[in-house]
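Order of writing sets the chain letters: A, B, C, D, E and F. Residues in each chain are counted from 1.
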Amino acid sequence: MGKAGGDSRALINEQGLRIDGRKLDELRPIKIEVGILKNADGSAYIEFGKNKIMAAVYGPKEVHPKHSALPDKSVLRCRYHMSPFSTEERKNPAPSRREIEISKVMREALEPALMLQDYPRTAIDVFVEVLQSDGGSRCAGISAAAVALADAGVNMRDLVAACAAGKVAEQVVLDVDDTEDKEGQADLPIAIMPNVNQVTLLQLDGQLTDEEFGKAFNWAIEGARKVYQLQRQALIGRYFAPEGNENS
Amino acid sequence: MSAVKKIIVIEQLKRNQMNELLARGTRLDGRGMLDTRPMTVTPNVIEKAEGSSRVLLGNTEVIAGVKVNVGTPFPDTPDKGLLVVSAEVLPLASPYAEPGPPDESTIELARVTDRGVRESGMIDVGKLVLVEGKHVYAVFVDVSILNADGNLFDAVSAAVVSALLTAKIPKYEVTAEGSITKTEEKIPLPIQTIPAAVTMAKIGDYILVDPDSEEEAVMDARITFVSDDRGNICAGQKGLGGTFSFEQVVFAASTAKLKGDQIREIIKQGVHSAV
Amino acid sequence: MGKAGGDSRALINEQGLRIDGRKLDELRPIKIEVGILKNADGSAYIEFGKNKIMAAVYGPKEVHPKHSALPDKSVLRCRYHMSPFSTEERKNPAPSRREIEISKVMREALEPALMLQDYPRTAIDVFVEVLQSDGGSRCAGISAAAVALADAGVNMRDLVAACAAGKVAEQVVLDVDDTEDKEGQADLPIAIMPNVNQVTLLQLDGQLTDEEFGKAFNWAIEGARKVYQLQRQALIGRYFAPEGNENS
Amino acid sequence: MSAVKKIIVIEQLKRNQMNELLARGTRLDGRGMLDTRPMTVTPNVIEKAEGSSRVLLGNTEVIAGVKVNVGTPFPDTPDKGLLVVSAEVLPLASPYAEPGPPDESTIELARVTDRGVRESGMIDVGKLVLVEGKHVYAVFVDVSILNADGNLFDAVSAAVVSALLTAKIPKYEVTAEGSITKTEEKIPLPIQTIPAAVTMAKIGDYILVDPDSEEEAVMDARITFVSDDRGNICAGQKGLGGTFSFEQVVFAASTAKLKGDQIREIIKQGVHSAV
Amino acid sequence: MSAVKKIIVIEQLKRNQMNELLARGTRLDGRGMLDTRPMTVTPNVIEKAEGSSRVLLGNTEVIAGVKVNVGTPFPDTPDKGLLVVSAEVLPLASPYAEPGPPDESTIELARVTDRGVRESGMIDVGKLVLVEGKHVYAVFVDVSILNADGNLFDAVSAAVVSALLTAKIPKYEVTAEGSITKTEEKIPLPIQTIPAAVTMAKIGDYILVDPDSEEEAVMDARITFVSDDRGNICAGQKGLGGTFSFEQVVFAASTAKLKGDQIREIIKQGVHSAV
Amino acid sequence: MGKAGGDSRALINEQGLRIDGRKLDELRPIKIEVGILKNADGSAYIEFGKNKIMAAVYGPKEVHPKHSALPDKSVLRCRYHMSPFSTEERKNPAPSRREIEISKVMREALEPALMLQDYPRTAIDVFVEVLQSDGGSRCAGISAAAVALADAGVNMRDLVAACAAGKVAEQVVLDVDDTEDKEGQADLPIAIMPNVNQVTLLQLDGQLTDEEFGKAFNWAIEGARKVYQLQRQALIGRYFAPEGNENS
């Protein structure tokens, strides 16, 4: 949202199409793969537009130091991190304030879906590595992390699926990419538990009227539901494919 | 035993008592669900700062100070001044605050406050340029949290906004040789709107405006919306490991606009009384 | 002492008055308030010239980590910190070497007055925050911290009162302010326990002959005694005021 | 139980079994002493980077990315561009990897990789100068290690080398006023040779090429040699608290040259298939 | 068992013994109350440094080195060169020294030493300016403490002062275009006086000059005064959680001047023998 | 190796002598002193060309924190550090990546010679401080550290002696100094246990053919053997000198 109310020349053309040719309510191409990292207890890889993101889960496992364990449930820990080559300008590998904030909201977006009380005195580590970044990397990362948690066999109430809507050239759009994020007017990333209709992440940057907010919020929910279908397919493909991989 | 220590020993008894009260539509301190605590805004408390403001929200006490110097713009926004919001929960503020670099909660607090100011367009950063791509005004707003008794988000936001509203910054000029000199003249910042942050807690199925620290100790989730004075929502943030239903999100957004108008009035009065 | 023996044009005028109109042996205006922070176990606020300083005490309390506790007395810990907006140029919030040194001498200035052996295996934390700085902030901070310790009910042998003397335009002066500190010739901050006549802090920057040192040292002691009277009044006002606040 | 967790519970039984196998000239996974695991090299996997490559060596998986900008040369080498190699063993890579700044092992890994590239003269840094003493190309190669299953040295080296070989960097130009501007044109880096790193483990008295993580868990010492395509050895590093006899060092150096030729071929094929 | 380890096991016995001795006016090693240990000053021990000096004070051993380059003056002192004193108690120096950034005691040590040099006006920093506000000499004095056996303050101060006295720094010149070049010529620093630090311990009611580590282990408080060669006291610092009576402070200040003259002589002789 | 294959004008003259007048296979002057630091359990000082390096050993001693102790042997810890004034340009005192790497290989070079299993649940600390640096400081530091370990009375299988060979102006040379390191073509530092003929450290920077590698490696071994003789003499001088210092 570098330019609130800013330059909006070509972001939507006369045919109502966006710079990459998408319709206003169209998602970018999405690909999800499950269980590709050998050492992790669970893992997933997502391509979401130009985002390329790896998620890995270790745990439930022993906690060090011991006094940070909880007697009644597992401690969920999260790290969202960008590889130095993932951005236009090289990113310093030390965690930025942005990465620290996203790590926090990501943890809070995943936590409601996990049966942490089933694993007292343990920790579950979720690591999300952005190998290439585009707009919406936090949503893509959350969606990948939820799949990695399922792949690790952690007990879950529901999956968590995430998607953003926003405002570009005075119009509400679904799934804001990098250019739209920088030159557009608003970005509203959310995460939901799709089967219990609960919001687990919500952030907003940029200006929306009440009406626009309602529309963007509903579009983002519908976008997240589509992401959820792809998450399910990826997990089914992994665990119930005709080739017969191991069952969960 | 101090106020905050009491919070810690909140037991099931109190949690039950809180839920019973909420079921009857009231709160431990007698407020209604959508009532904020008294807020006082006192600008110009730090004469050495270019702008400053002390905000009391119930027992929560914060001071924001503005310092301005000349900096280099970011390469991708050569035509914009710099605005940096930082916060520190001083160890004076609570028995749980530790000295040291800000933790994730304080970083979130500063970044959400920053986004509210930035995305509302409160400051016209396009007017803070001296030489495009080379020299711009750099506006630093630092917040020292002196006593933490719940809802730091709204207190910090009000302090930052009122400090910026009352700031008088040195005017810099470009010399003939292209270097920058500080003049004696003081100018206000280019203000375009007054953003107001409103934070709500979810406890069980209830939504409460402006939670105090006893309510924060038992809340399931937190949601903040910032609105401007032109009817827009311009920043939002959900926090903690609980959830909101879709209806609760929409309710929270519209509540934030209503209550935001009240907070904006308090800020304006505080600023007006200071001039 | 930026300019030892340096420029001294207008620091003292023909009438023997200083730049802010004070006489050579006159203190700046001082205001002390007690018990204003709600969460702290004890607190005090001091205005000393343009200094605006908050002090808070937490404890005696449990020590973490446990192995840093002492079996025979309480551990006193101190932090002197300047808010970023407290100085002419914005101050980086990370502790400077100067703040680390002052935190140390402040702890050593307060420690002799405390009955630490009454609280074995505990810690007492003293936090001093400079909201606006002027010359003499360490002295003002120590004086406020001593009042906050009394407000917290920590057993004390005596209060600690602090004041500086110095040399400006070749003359000994009491209570050096910011301009005098920067353009003057010497600064001698001390802290004393006023009822037992002991020095708990002494630092010196800048040049003094033996005679000047003796005079400055005595003036600083007298200054500290005046500060002590204001500390007492503030504590009496808090605990024995006619309005009837709680008694200690 | 994951692959790496199994390593940890390697007990005397396994160590004995490994020694018996080695005495017969073979290894747990059936390889001969001087056999490497299959290596695949896939360049251009990160489009936003100027160059990139993903390398699989058995189950070890790493990605290297090249970013280029303009920097200031070191005072003692005003006539040379900058080349900086960094690596991070991501916490995704193994249950033993911790988030945070690189530890001594990762620093060693990056520095040995850097020396192999630098000392081989792979990049002609003398051609990366824009204005001598003032402006030079700064080439950053960062490696993210995604899965650690032994012999990170050779996997990281191959990824860095193949990313540099395929990089297309923006051409910068010196303007009339002496400042630097980025052009639209993309150019390759000035490549002079292709270095290849070969790492060997010593277990008991045996020398094994390309140890996997089960072998690394029991190895006594490690030795790496980097060779170029002109018959030179150009970097070396012994690691861990074991020793090598004089004969073993000479054997390891000549083995590294032989196996280095094979790895160089794999890198070339990977790069060729990508163009 | 090493010397410092012995200190730790100093029990009540030793403390009693020390007090008995002090009551008779003498000390464990036979010195009188106001006697310093032997001090030797050896300049020019590090040829690569612009100046250097090794000081032995009893078993305390420190080396100071001076490095000079060109820096930018502070905005509020555009007409003054830079002088930066740092110290590290190397982990070699004592079983209690830890590697890592300096702790509060070492910071205090460096800052008190710095103030002694600075406030005495030892170096005429006004003569270390090349272009006012832009380019000045930056003089770094670093002290490595190799063996710690008490009274680091006086040993470090003597090492810093003697290293500065004997330093020969490169002469820089301003070119016609206003840039700075290093010449082959070597010049001394502009010296105005020779400061000397004298530290005293208070044990019970006794004041002892130059405490060794056994005395430091039982001392109640510490006081340092620095004097110049023109009869001024120019820096002072009380340390530790004990106190001094008003009379003891005045006694310590005048003692420091007397003993400071002796130390100044030792420094002069060390410097003289080196030339 | 700043200039691999680079400028080699005067590095070897027509008489086959090097810039400091040495022959190709000649060591720089070396001086070793033992036991000079009073507090350390063992110490040594080495001058090796212009290198001036102090090494100190503390231990075997208790480990803090306790969980970092090993049940079956002592933990060896090493720090190689350069004083800020030891280099041409002032060195930042914080440990550089180079110093961290050298600390690691130095530890691994010394460890094979130590009977660590004789001291379970303890730590041995080796500190090497470079007071003045020249080419070959890591080799000189290792050689000094080995002597300091012997001085501390730690049980050892053998000493460790280190030396480098290299390539300068197309010729193999022994013991590369600073200028030769910067302007030469290769540097091959090694450490050996001289009585059991084992290599404990080997690094290589720069280009060597097979033949050159073999020659340089053998020269470095011979150089290390000469260093070993000086180490022995220093230890014998310390412990069996006619003046009769304490025996080990």
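The criterion applied here is as follows: contacts are C-beta pairs under 8 Å (C-beta built on N, C-alpha and C of every residue); 3 or more make two chains touch, one makes a residue touch a chain.
Keep in mind that this is a model prediction, so the values were computed, not measured.
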Interchain contact steps from chain A to chain C (minimum; 1 if touching): 2
Number of steps on the shortest touching-chain route linking chain B and chain E: 2
Contact-pair overlap exceeding half with A-B, pair selected from C-E, E-F or A-D: C-E
Centroid comparison with chain A (C-alpha atoms), farthest chain: E
Approximate Å spacing (C-alpha centroids) for the pair chain B, chain C: 32
Inter-centroid spacing, chain F versus chain D (mean Cα positions, whole Å): 27
Rounded Å distance between chain B and chain F, as computed from the means of their C-alpha atoms: 58
Multi-partner residues of chain B (at least 2 other chains): none
Sequence positions of chain F contacting 2 or more other chains: 89
Arrangement of touching chains [line / ring / star / complete / other]: ring
Circular arrangement of chains, read from chain A onward through chain D: A, D, F, E, C, B
Interfacial residue positions of chain F with respect to chain E in the complex: 37-41, 43, 50, 52, 54-56, 58, 61, 79, 81, 83-90, 93-94, 125, 127, 129, 131-133
Interface residues, chain B side, partner chain C - complex: 2-4, 45-49, 52, 59, 61, 63-67, 69, 86, 88, 90-95, 99, 101, 140, 142, 144, 146-149
In the complex, chain C residues that touch chain E: 1-2, 4-5, 76, 89, 97-98, 100-101, 103-105, 107-108, 111-112, 182, 186, 188, 193, 197-210, 213-214, 217, 221
Residue ranges of chain D touching chain F (in the complex, touch as defined): 75-77, 104-105, 107-108, 110-111, 115, 118-121, 223, 225, 228, 231-246, 248-250, 253-254, 257
